[in-house]
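Here subunit A shows up in two complexes: once beside subunit B, once beside subunit C.
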Partner chain A sequence: MDRAQIEPRVRELLVQALGVPSTSIDPDFSASSTPAWTSLNHLMLISQVEGEFGVFFSNQQIRDLTSFKGIVEAVATHLHGSA
Partner chain B sequence: MPESPVGVGIDIEHIGRFSHLGESALRRGAARWLSQDEREWCALQANWHEALLVVLSCKEAVYKAWPTAGGAHEARLVMRGSAALGRATTDRFAPVRLDAGWRRTGDSIVTLAIAARGDGAGELLEDLLDTARNAAAHLP
Partner chain C sequence: MTSDRRIDSAALHQIAATVGAGQSWSAYQTAARTLDQIPPDAVPDHLRARVAVLASFTLDPLLSVLRVEAARQGLWLDTYLSPYGQYVTELLDPASGLYRFRPHVTFLAIDGDVLWHQRWAEMPPVRSEPVVSGLLTPLFAGLDAFDRLGSGIMVVNDFVLPRPSAEGVNAFRAKDTFAHTMGQANKHLRLRLALRGNAFLFPLSDVVAQVGRSRAFNWRTHYRGHVTWSDVLMPAVAERYVGFALAALGKSTKCVVLDLDNTLWGGVLGEDGAAGIALGPQSPGSEFVDFQRELLDFQQQGILLALCSKNNQHEVLALLRTHPSMLIREAHLAAYRINWEDKATNIRALARELNIGLEHMLLIDDSPHERAWVRDQIPELRVPDLPPDPSLYASWVGSLTSLIVLRQTAEDLQRTRQYQESRTREAYQVSVGSVEDFLRGLGLRVSIDLVTDGSLARVVQLLAKTNQFTLTTRRHDEPTIRRRLESGAWRVYTMRVIDRFGDFGLTGVAIVEPGPEAWHVESFLMSCRVIGKSVETALLARIATDARASGATTLSAEFVDSGRNQAASAFLSQHGFVAGSGGRWLRPLGTPGPEWPAWVGTTTAESSESDLVDSAKASL
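After this line comes the complex of A and B, so read on.
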């Protein structure tokens, strides 16, 4: 699975977990610019991403995965073993 | 006289925080972030969704009170009370002990956590809650 396949699935998970419209998710979409990206919604988002892709993030990754791009990159790294 | 607190954390969540999430997403979240005991406590409550929110609010408040505790999800809490009012404790981060108290107020769940060394956290939390109640009683 490449980034082009990962991106739309992550986008859909962001829509579901944060309750935001898909049109709001541009390449720079991040927690710092999204009030709905609260700490509890973040936990729900991470568990959804882990379940969707069959990956498991470390505590450090959980703290750092605060952007659309970052999540896509992390999933790709987990699935392919390289960034 | 209890020891001085080493941290205080407050969390406020709207009761509809997870209303946009489906049942499967909530179940997955509970399986990932809650311990077996915490999930069992949730299952005993009248409203499972609200109980999940309470546990996560407690974890968030505990993490704010004691940020060195890894991640908010890592606290393993002993929950007492109902989703409307109760207390949670953890000694996972001994010698620091964390106590949290929550209360449903209108459409919100307000949670207050305190970290203290030794057994003082519970007493400090009571003092803090009393102070908050007294302050609220004197609001104009």
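After this line comes the complex of A and C, so read on.
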């Protein structure tokens, strides 16, 4: 699975978990600029990403996965790393 | 009357329908946001419930799931969640957010791990008894406070250990293992909750078993942020929570309407004959016996059963009387319509006969075609999809959210018999001439008393359920009534009605605020079963007599239009009340009346074999 396939699915999960419009999610979209991205929503979002792609992040990774780009990259690395 | 901004239960249901079975939490979030876009004032009051959740772990993600599952049942929820881990504090503090919120239902969600941590707080782990009381003592101190300060019902789950035990194969021999501690905790929880009329045990262990323990808990979110319940457990719990909310608002199912062919037995009676249908100790046939057994369990809690089937009535009645494996007999049925009319017409007729709103009825029918037709004709009726395979019927019916009976009063348990008496009564009505002759011939007797410990549950139930003949439709809960009685702010009258065909039970309630000058009627309601007998005049006459005796000069009352209480709209003007200012109706007590109806006699609680009015009469 390449980035082009991962991106729309992560985007959809962000829309659902945070309630933001799809159009607002550009590559720079991140927790620091998004009030709805609270720590609890972060927890639920990451859990949904893990369920969607069948991956598992470490606690260290989770703390850093605070942007759209970061999540997409982490998923891609995970999938390729385990392939 | 309805503007296009007005939201009804069908609209709520439609929003919830976007989330199907087995969908993730994200899907619930999206649907909950759609609910958020509805302006709260667009939702009529009778669809709204206030639900509080107190939890020992993080349950914020449950709220969106709960609101969507409520919408699926046509309910709009206002929710309150206690601050993390502060459930005991919230219960004990009179100024807590919980008490300001005035919930209809409070769910206390306690993680079994709390018990586990309590046990491991000391090394080596201590004996069961101090662990159990260490948890339950503060909890029940909190519940005592809730009784004094709170509102509505309290629902507490049993303790479930989220992981397999590591205590080994010999644990069963020993006392004071964790398994033993948990068993003791659940036993004491159950025994102590059972003593509280407004408290219920939520069978979390049952729901966990239903979804499977390994799927019920999410260890990743548990350790990352104390979100212990998984995406799979939350909807299953929410569905049952909503059942309690429906019941607390008086919106549960009161009557289950049953089809016959391929529903209560296999095959078609008209074609296969009584000997040819599948109904007996072996399969095919035992599925239907088990299903009937489950239905009778509901019937014994006070839910009415009725039949609605396209069949020849004499064949069905013969089968009910003689088939050796039929468990549901004529005596279990409140009413039936067995003919060749369409089902919607028949169900409306059943609703009229039983005096039950169609929104309180539920149809069980194996035919998707009939279900679709009835849903289309009667949108307010509950028509769940029966599984296509009869082997699933018995396990399916227990999961129906709306079949919850909170209070089992003596009236509930006698209700089927009362409806059978009413069939005889109506046959009599046809045979006499004028209404007055009819009423005189009924031999009506009433017993009007002040509420007692024994009758309070029934009073709360009537307040919660009565929609038609009610002046103000105020739903007071038990703690509120107790407080007002203790402070002397209220006098609560109850009326029991009997006629020569049978006993209607406690079917009238009036709440009066006695003042030195004026007595104010805060609530006044009659069960629909006794409307049209002028017993309401008798109750008002008694209140007027008591008010005069105390020196009051005026009765005052209100009529609050709920959109459903037209039956009571003319009551005040018919009884000498004149509209005053601020929505109040006034009746000077200087003028005589209201007259006690000549055809209504009195009876005493004792001679009417009351099982509700105990010896502690007027002790409240």
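Everything that follows uses one rule, which is that the second predicted complex is superposed on the first by the 81 of 83 C-alpha atoms of A that agree within 3 Å, B and C clash if a C-alpha of one lies under 4 Å from a C-alpha of the other, contacts with A are read in each partner's own complex, and residues count from 1 in each chain.
Throughout what follows, a residue touches a chain if its C-beta (ideal position, glycine included) is under 8 Å from a C-beta of that chain, and two chains touch if they have at least 3 such contacts.
As the structure is a computational prediction, the values presented were derived from the model and not from experiment.
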(message) Just checking: does A:L43 make contact with subunit B only, subunit C only, both, or neither of them? Give me first, second, both or neither.
(response) both
(request) Using the touch definition from the top, say if A:G51 reaches subunit B (first), subunit C (second), both or neither. (result) both
(request) Using the superposition on chain A described above, determine whether A:S32 touches subunit B (first), subunit C (second), both, or neither. (result) neither
(request) Using the touch definition from the top, say if A:Q16 reaches subunit B (first), subunit C (second), both or neither. (result) both
(message) Just checking: does A:R63 make contact with subunit B only, subunit C only, both, or neither of them? Give me first, second, both or neither.
(response) first
(message) Give me the intersection of subunit A's contacts with subunit B and its contacts with subunit C, in residue numbers.
(response) 16-17, 19, 39-40, 43-44, 46-48, 50-51, 59, 62
(message) Taking the touch rule as given, give the residues of subunit B at its contact with subunit A in the complex, in rising order.
(response) 13, 17-18, 20-22, 25-26, 28-29, 31-33, 53, 56-57, 60, 70-74
(request) Report the residues of subunit C in contact with subunit A in the complex, numbered from low to high. (result) 24-27, 29-30, 33, 58, 60-61, 218, 220-221, 224-225, 227, 231
(request) Mind listing the subunit A positions that touch subunit C in their complex? (result) 13, 15-17, 19, 39-40, 43-44, 46-48, 50-51, 56, 59, 62
(request) Would you mind writing out the residues of subunit A in touch with subunit B in their complex? (result) 16-19, 38-41, 43-44, 46-48, 50-51, 59, 62-63
